[in-house]
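Next come two complexes built around chain A: one with chain B, the other with chain C.
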Partner chain A sequence: MTNEVLQTAAQTLPHVSGYVYPNEQNVVWSVLIVLYPYITGLVAGAFILASLVRVFRVTSLEPAYRLCLLTSLAFLLGAPLPLLFHLGHPERCYEAMMTPHMTSPMAMFGFVYAWYLMVVLLLELWFDYRRDFVKWGRVTPGWKGWMYRIFTLGVTDLSEKALHFDHQASKVITVIGIPSAILLHGYVGFIFGSIKANPLWGNVLMPIIFILSAIVSGVALCLFMYMVLCWIRRQPVDMACLDSMARALFAALLVAAAVEGLDWFHRIYEAEESIAILKQLAVGKLFNTLIITQAILGALLPLLLLGFTLLSLTSFFRHRFAHELFPVVRRRIYFLSSVLVLIGVLAMRWNVVIGGQLFSKSLRGFTTYMMELGGHEGWGMAVVLLIFPFVLLAVFIRLFLPEKPPAGGAPTEQSRPAEAAA
Partner chain B sequence: MKQTKTNRREALKKLAGLAGAVAVAPKTTGAEEALRRYLFKNGVGEDYDPFDHKWLMVIDIERCIGCGMCVRACKAENEVPRDPLHFRTWVEQYTIKKADVATGRIEGETIVRSPNGGYDGFPPPEVPEEEILRSFFVPKLCNLCHHSPCSQVCPVGATFDTPDGAVLVDYEYCMGCGFCVQACPYGCRYMHPERHTADKCTLCYHRITRGLKPACVEVCPTQARIFGDLKHLGPDDPLRTFIETKKAQSLKPHLGTEPRVLYAGLDKEVR
Partner chain C sequence: MKVPPQIVRLLIVTVVLVGSYFVAKSLLTPPTFGELGWYRAAALEELAQHKLTYAGKQECEVCHDDIWQMFHAGKHQTLSCEGCHGPAMRHVDDPENEHLLKPGSDQCLRCHQQNPSRPDWYTQIDPEEHLEGECIECHIPHNPTEMPEEEEASSEQ
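Take a look at the complex of A and B:
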């Protein structure tokens, strides 16, 4: 241990500027805690996009509905891993649920997570998929068939009445799911927003900023995944669906950027004791991740790109220029925007989590964050934990969103546009 | 034989009662339970009643000479890692420069330093003497907040406030999430690199519960740190004299944590 600590000290101390409380020189919350709110945000955002179909009847999004839900599930299953790996004693993690300390927002994690997974996402998926599971279970041989049959949970009634009930239940769960998704991510924002010791975090807007950025990132991820999936399967993209997702992305991004802009405007205008160090942080240690990546590349550029593209779809533009932007151009712009937004929101999480620990609570100096390559909190682990939900999603897509549905089964939502195009 | 049967029956009854109680009663996470567990684990004698004491630490800044004895004593007494990144107590040196007359300011730049937490004392000031307006040392430690944010945020209640005024960590219960480290406004907590749990000043709880003073107070050559029991203040107690004669302040009062470590002669530059 001593060597490890001394090595950290030798690396960190030369990069400490001004005065930092001695215990603050070592950054406690690592890149894994950056990933946790990022992944949870993707879960909440993807679910909210899916809810547009069921609750708000945005039927153009129907082709991506199941993909959104599966994305949400894959990332939800990956969300606790960074937290777990970060704990000094992961074997004691169950204590947070067995003996929760009720004044701690972190103690709510287990309950919010369990509620969201069990009551919202799995139930919603089950009601949505039951009919297909029954049909696929009948015609699919081998372990897959067994799996589909097990997933029906023995409920094989496919009468009109039963299917109607499934549909209604799914709708009700989505209605419960929207506030749950907001709760899931709002509480993550509250973990930071409730820390009055830290002037960057302790802010009433923090849960709202987290929820909005979660929606932004979730929509961007679904858009990204939908395009990638169509590309891999060589299927034509449903442009109406894509345009709808782009509209949702643009609207969410606009609101998120406005609220976050308001936060900074408010801080700068009020100019409290901490503003000097926060300004130095923003234009110094966080310049690349905050100003360049989050604000310019992750928000401003996608807003301009999407704004212009969506403008071309309006009747005014069409009338003026006789044509909207060609689908191929729109697709590229949407794809680029979604990637930029995903990177921008990751940068936002970094800026909050790491940025909040780079300046001293004495408001007199900065420390530095040295990220190692290996180790249980290094680059390698971060990349693995970020890729893990994508791997899960790939498995889910293979099993539950097959390109060609098992004979006799209903075509999946994903394959419908392809058939229509054919 | 009869006796045995009765005993067995009673034992079974007790066992059933215990099982029922365990099944029905919610697990206590309150401070009292945590404290009882902690006292038991740390072998604090049964004759110590935490409800019969209220400990207070006050610091007279003008007496501190920055010798670092308290930092060394604390590290030795409490198995605090001997590296420059982990401290239960440390000493800060403030050097406030004279203002340039042309600027019209009251005072110049404030330079704060705490090389190795003051463990080795302080080298001569880097600012030429004629440029110094004033300079002083400030010992820091857990502020023993009445409304401790660190206890509030602990997800499992491993850190808790004791009735006698300390804030402790149960190392066998802490899961090492680091939330308390983030929540402490005074930078008094750290993650112990060997235990992988949070760690902080305990007021030398193993000492004060046996009638001794905390190590830092014991070794302070100038009595800059004064420690005492508000519930048992003698007429000549230095703590009583301090409270009756000095105007004292706490750190970051605007945060509403109501620290119970008070400072006499606190400068506005100290955070």
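Take a look at the complex of A and C:
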């Protein structure tokens, strides 16, 4: 008899199989909610890569330092858009800020975001750029000049002492910034992890998995952007910098993949009542995005590629084979790996956000996510929102990472005055 | 020690930003917000302005006391009349012109169809196996354990 009812249900609702409660038939956290954690993850990851330069003194990354920060900024400015378009009434979004409520992590989002934007990113960029703004402001005509001059906030002191202070301050901010970046993204994971009614989400490892995958994706994005930028500008790539980024990517990916594997291992061993449906989900509805894209293409393949390439840089390998892998080959491999990782992490967000809504809380049935083409939460919107940060980044690069410093210009950016002084 | 100029400027900017936040907050928070709880107290009044659509069960007794009597003797006594007949405020105001729905078998099945998520005490039937025909041919909707005696009995009203 139960079967007949299930059949009747299946006849009326072609996108549902098994037993699904009425309020679970439609996936309400759409693809835009997939994009949001993806983009904030890129923000946090790019910032943490930049912080390696300042706090951990990985000097080989210096050529990409500003690019990392600008990437982080561009994506941070793009991050709230998916949330905004997901709202039925985006014009009311400010109300969350006007009537803050401490008990809801979603209501606090605005403040976490503002903190990260104002206190961390903009401040760090300001201290790093102030010297250049002053110099560019003096030689650039027109609105650009005005813009640079306004960005100095009127602090035009370029004495050794002032520049040294800038440098110290930016270090302090980076130190504040690392936990902030982790907060910004860990709390996205926290929102999912604290939904205890959902066996795929409700998991203490969730914030950690989110942070780790964020770092992975951020590093991959910076590597990708750096290579693309060099290619567009026909500039030679700094191989030492690239190798360092690849190393960081490999290490981060290794840890992230291990922890995510551990998560699944733990679930399978623990074998709670939900594991049956989660397994079905993994090998069924999520097979393409989880097993193929996230695990194999997004983690295993890049790990192997990067692993062997980095192995060729070790002295052991060089002694044996008299040569490391040629830079051309290495570049190709790094580029391919970064693209794979970027796609893999996007798939991971999809698996968490959409996957978590595909199975019923009865643990007895599935629904299907039907994505529209147009519409305010459809494919088109998702693509636009994903491209938008890149457009913004292109503008930032034009304005703040000029190929040649403005005429009459500042000395090459990368020489740190404070370090010279020290 | 002299405070670096950077700090001075940043402090000014911070004060301006935080200040304008509080100005915006005081201007944009709805006036009655928080008086009673985490919402606009005025919202209650606005909601009270809405026109009623449901009359409530008590209203029906005045004109349909025969059905009312029967209804409260039967198994359906806990149900609301409007649960089957739909919102009836307009009907109560003007019964001659505003007619109500006479629900069909699909309405019965809404509650009685076999469904594993329903508790066991709830009487459920499988429409395929249960007897053929419209439910009200064999069940008086207002007293479902009784069979309708004859056709006139139900069309009397």
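Everything that follows uses one rule, which is that the second predicted complex is superposed on the first by the 397 of 422 C-alpha atoms of A that agree within 3 Å, B and C clash if a C-alpha of one lies under 4 Å from a C-alpha of the other, contacts with A are read in each partner's own complex, and residues count from 1 in each chain.
Following the convention adopted for this analysis, a contact is a pair of C-beta atoms (placed from the backbone, for glycine too) under 8 Å apart; a residue touches a chain by one contact, two chains touch by 3 or more.
Since we're looking at a predicted model, the values are computed, not measured.
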{"item": "Chain C versus chain B on the shared chain A, clash or fit after superposition", "value": "clash"}
{"item": "Chain B versus chain C as contact partner of A:Phe127, first or second or both or neither", "value": "second"}
{"item": "First (chain B), second (chain C), both or neither touched by A:Thr99", "value": "both"}
{"item": "Partner chain(s) touched by A:Arg234 [first = chain B, second = chain C, both, neither]", "value": "neither"}
{"item": "First, second, both or neither for A:Val155, with chain B first and chain C second", "value": "second"}
{"item": "Partner chain(s) touched by A:Met118 [first = chain B, second = chain C, both, neither]", "value": "second"}
{"item": "Contacts of A:His319 with chain B and chain C, given as first, second, both or neither", "value": "neither"}
{"item": "First (chain B), second (chain C), both or neither touched by A:Gly88", "value": "first"}
{"item": "Per-residue contact with chain A, leading partner among chain C and chain B", "value": "B"}
{"item": "Touched partner set for A:Tyr19, first chain B, second chain C, both or neither", "value": "both"}
{"item": "Identified clashing stretch of chain C versus chain B [57-65, 75-83 or 93-101]", "value": "75-83"}
{"item": "Chain B and chain C contact sites that coincide on chain A, given as residue numbers", "value": "1-2, 4-5, 19, 21, 95, 98-99, 101, 362"}
{"item": "In the complex, chain C residues that touch chain A", "value": "4-6, 9-10, 13, 17, 21, 24-25, 28-29, 33-34, 38, 113-117, 126, 128"}
{"item": "Of chain B, residues touching chain A in the complex", "value": "27, 29, 81-87, 90, 92, 110-114, 116-117, 140, 149, 152-157, 173-179, 181-191, 193-197, 255-256, 271"}
{"item": "Parts of chain A lying in touch with chain B, wherever the complex brings them together", "value": "1-2, 4-6, 8-9, 12-13, 18-19, 21-26, 28-29, 83, 86-90, 92-93, 95-96, 98-107, 109, 191, 194-198, 201, 356-357, 360-364"}
{"item": "Residues of chain A defined as touching chain C within the complex", "value": "1-2, 4-5, 19, 21, 94-95, 97-99, 101, 118, 123, 127, 130, 153-155, 157, 162, 165-166, 169, 362"}
